[in-house]
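Labels run A, B, C and D following the written order; every chain starts at residue 1.
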Amino acid sequence: MTEHVGFIGLGNMGQPMASNLIEAGYTLKVYNRTPEKAEPLVKRGAKLVSHPQEVAEPGGIVITMLSNDEVVADIVSEETGMLPRLGSGGIHVSMSTLAPATAHQLAEHHQQHGVTYIAAPVFGPPEAAAARKLWIYLSGSQAAKERVQPLMEALGQGVFDFGEEVGAANVVKLAGNFLLGAAIEAMAEAFAFAEKNGIERTKIADTIAHTLFACPAYERYGKLIAQHNHETAYLKLFLGLKDNDLVLQTAAASKTPMPIASMLHDRFISAIAKGRADLDWTALSLGASEDAGLSIKGGE
Amino acid sequence: MTEHVGFIGLGNMGQPMASNLIEAGYTLKVYNRTPEKAEPLVKRGAKLVSHPQEVAEPGGIVITMLSNDEVVADIVSEETGMLPRLGSGGIHVSMSTLAPATAHQLAEHHQQHGVTYIAAPVFGPPEAAAARKLWIYLSGSQAAKERVQPLMEALGQGVFDFGEEVGAANVVKLAGNFLLGAAIEAMAEAFAFAEKNGIERTKIADTIAHTLFACPAYERYGKLIAQHNHETAYLKLFLGLKDNDLVLQTAAASKTPMPIASMLHDRFISAIAKGRADLDWTALSLGASEDAGLSIKGGE
Amino acid sequence: MTEHVGFIGLGNMGQPMASNLIEAGYTLKVYNRTPEKAEPLVKRGAKLVSHPQEVAEPGGIVITMLSNDEVVADIVSEETGMLPRLGSGGIHVSMSTLAPATAHQLAEHHQQHGVTYIAAPVFGPPEAAAARKLWIYLSGSQAAKERVQPLMEALGQGVFDFGEEVGAANVVKLAGNFLLGAAIEAMAEAFAFAEKNGIERTKIADTIAHTLFACPAYERYGKLIAQHNHETAYLKLFLGLKDNDLVLQTAAASKTPMPIASMLHDRFISAIAKGRADLDWTALSLGASEDAGLSIKGGE
Amino acid sequence: MTEHVGFIGLGNMGQPMASNLIEAGYTLKVYNRTPEKAEPLVKRGAKLVSHPQEVAEPGGIVITMLSNDEVVADIVSEETGMLPRLGSGGIHVSMSTLAPATAHQLAEHHQQHGVTYIAAPVFGPPEAAAARKLWIYLSGSQAAKERVQPLMEALGQGVFDFGEEVGAANVVKLAGNFLLGAAIEAMAEAFAFAEKNGIERTKIADTIAHTLFACPAYERYGKLIAQHNHETAYLKLFLGLKDNDLVLQTAAASKTPMPIASMLHDRFISAIAKGRADLDWTALSLGASEDAGLSIKGGE
């Protein structure tokens, strides 16, 4: 394969994703603020560079998997020089969960350097990333999407195209995040209700996950919520708040009231006030149990 | 088969259920307030009786599939004489969605006549009933549950046992209903959010139903909500309110705050105030669209 | 004064009210389930009777100040014989906080005995009752209201007439109770917000009560909420829940969504789950502080 | 009086305030982006200047009454040169509703120029400003507060001191705004409830304003809400949303969940989605009526 691919952001999602690209035959240049995280990839043939600019080849592809809007904006700022080097014909595939408004700003900024910005946010936990089981939502220029399609297929089990409006994939990703949060709160209330009426939490979680709600969201989260098992943070609670804030900001900008998102906001804030910022975001389910006067047993 | 089985309540759920019992080889006596609905069953060999009492054979089994707590209580009241006739060794399998408190009262009342009361609420729309695809939640006396097990298997694709506490299955059923309602409201908000940000409603509904939420609840309801298609009422909205009221009453009795159930209550009341009592209960999703200033196109 | 006046219900409201009627020159017959409470009134000339029926004189007036709908219904049931004795030309002035629906039923039932039922719910704590500072809301037959007007003036500082529709005064009373509950929750949130931003709770309570919210509701409740002082129960929290349930039932019957009433419901249920049923209902304000991770100092 | 006083921001609040300072004997230099608004003040002796910098005298006092955080930040930015000119010994009295966080940033920035920043947000509509009936909340350096005290007394009926922490007055002001918003929503629900139960909206508004809620907030807003009279905008709805956003941001930063503020947020967004951004902010009360299926008659 002749594509020059740069990869920035080797966290618990980025690392297995980069690894799958190597597996698929791509030669990668990788950059991470903490270079130690690149070691496993370097052993498998990736070239570690010491500056964001160096991951880019003129006209090549750069993929970013970073934690938030600000970090992405910093990486493509004038200071790093990454965009001028990527230049005309280059593509930036931005796979983080960002606000659609950020996507619009970034796309315009990229265009000034001849670079095409593609939004490609993903769904799935780190294990799904490792197993090439991510779901990827794409939006942006048709030609660029076609060119990156093979890379996306090397990363996920399904690619969903939301057209040329560059923020569209971000909208759908935020809506998906919101639906997950709503499901967490709903299960939190349902399980507290069941527990107070004499039903074992794990029994009801198991039942719904084998009947009406036999899908990843309820299977996976249902078990964690039933067991109050929030120590292993797939998505840290304070980052879950960040994503929910993006939902609320985008909702406000588009004049859409979202009462469940507002309720989740209050649950997040309360959880952080109680010292749970670094637990998994499913820990926002503890609120419903505490409000019901239940003592929390289990993983907390 | 030597079981004498009576069946009361031949609505759009009861009728296909009774039909499946005939199919499985049971000889049925059936009763319905409106006897015309029994015709298709009579053609297939069921015996139509003109009084609830007559469906019962001493020591036999009676199944009820009725619309609410009051109707079930009426059927087993002293006036009908059904329980004395069913008598010692008899079993009443109550498959409606009732309050756990009602189950407790009925069980005690049945015991005075030597009859065992079993709670067996079901999940699934009429088509699932017809296709033997119901999910059945069971609770009550172990011996009685074992005796009715073959009948339950003739009706559904899965039977879940919640122990001997007779109201337990009702608790789980109410929790399941609540989770469905919460999913409806969450999708209503998510789709309004997507629509206001330029995404087609059916596109996002389809995407989530093929990824994180690939389960009956989101597939089935997601499509109806995306299309504003609420004319065909699988569960009429005013009956959905009744079920949500059972959730809230049971929650209050067990001292469990359920903020999403409270929010759903307000959505139900608003929908009824706007004349939607007889639409499908997914019509409560229209509230989120109207709050966002969207005009409703589609099935309404 | 020639009016024969009976008074039933000598709790912490009824007692000072009956006392004021004696003060105004009325000869009272009084009844209370626990007769000991009548002693101070007997010393001042009231006649204690041992059965509800005996407070009534044919064509006279009976005032009730009882704890809830059921107790009032019991007092006027066929068993007590109170209504037949009161009979044609008699008036029952019902001063408790009842559902408008109850008022309608009672009015119809009274009519069968020729008795006129008047709704006269009151606002004010026991001290206000003692000081003749109650506010009284009246509804029902015009002639009957005119006849009882002097008694009402002996009890309160203001009488507000809501017309002949007998449940109207109850509607306004419930709306007033709801506004108080909403103000309690709003102050709970505002004071938690202030406290977490370095402002003393009593300082902000004092400021608002001297400016925009210089009215009894905010002055009185604001101080209690700021100090977490809920031991002395003017209205026990579980009775506050009862009143809020009347609001929600009346709202549902009239198809009125009331999201703040629903939120208050959840706060009440949570407070009761945490063992606060017998504290003053302002204790529902503790929820907002706990959600913010604040430790509660003060009266609790 | 020897104080040199500059005044920036001559909107419907600033204009009567500046006028009262002239009335009290102060010589004012005034600045407004739209200079025409200064005319009535110029006629009474104020000196209109054409640049923010020119309102300041070294060591003098500058008062600002501007629409939001950004506009205040702009006025004191390096570009205007206002702070260097005001210089050591100078005081800036900032009377707008700002975030406490903004107050902290501004105070630090002012200090670099030797200027003392005082927060002095006000409560009251334009008529109250004209009638010297504002309530003023003060926080910041003790010496500076003492120096500006006479000016504050020329503007309002009461000055409340919240200590030397400069953001404190802003916190209390935001809490007050929140309480007003909560009262608006509570009355909106209560009046819809009353209306649906046959009570006239103006009758209940009048009753509560003469009893438990006999205070400016309920008197003034209650009448507007009862009449659906929102054409004359004392505070435009979109500015009310801005203030509520400041509440939510400050609450989030201090980890305080505020469910009623979140609910108000959704009401604001919905009102704007329905085209009500420029109505008075009491128009958010229309949501409760519409949810109840009521047709809105009156001022809208």
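Assume a residue touches a chain if its C-beta (ideal position, glycine included) is under 8 Å from a C-beta of that chain, and two chains touch if they have at least 3 such contacts.
As the structure is a prediction and not an experimental result, all values here were calculated from the model.
The set of chains touching subunit B and also touching subunit D is given as A, C.
When the interfaces A-B and A-C are ranked by how many C-beta pairs touch across them, A-B comes first.
The centroid of the Cα atoms in subunit B and the matching centroid in subunit C are 40 Å apart. Centre-to-centre separation between subunit A and subunit B, using Cα means, comes to 38 Å. Subunit A and subunit C have centres, each the mean of its CA atoms, that are 54 Å apart. In subunit C, the residues that touch at least two other chains are 251, 255-259, 263, 266, 270, 273, 291-293.
Of all residues in subunit D, only 266, 270, 273-275, 287, 290-293 touch subunit B in the complex they form.
Listing the residues of subunit C that touch subunit D in their complex gives 100, 123, 135, 137, 158, 160, 162, 165, 167-168, 171-172, 174-176, 178-180, 182-183, 185-187, 189-194, 196-199, 203-204, 207-208, 210-218, 247, 250-251, 254-261, 263, 288, 291-293. Taken in their complex, subunit D has these residues touching subunit A: 251-252, 255-259, 262-263, 265-267, 269-270, 272-273.
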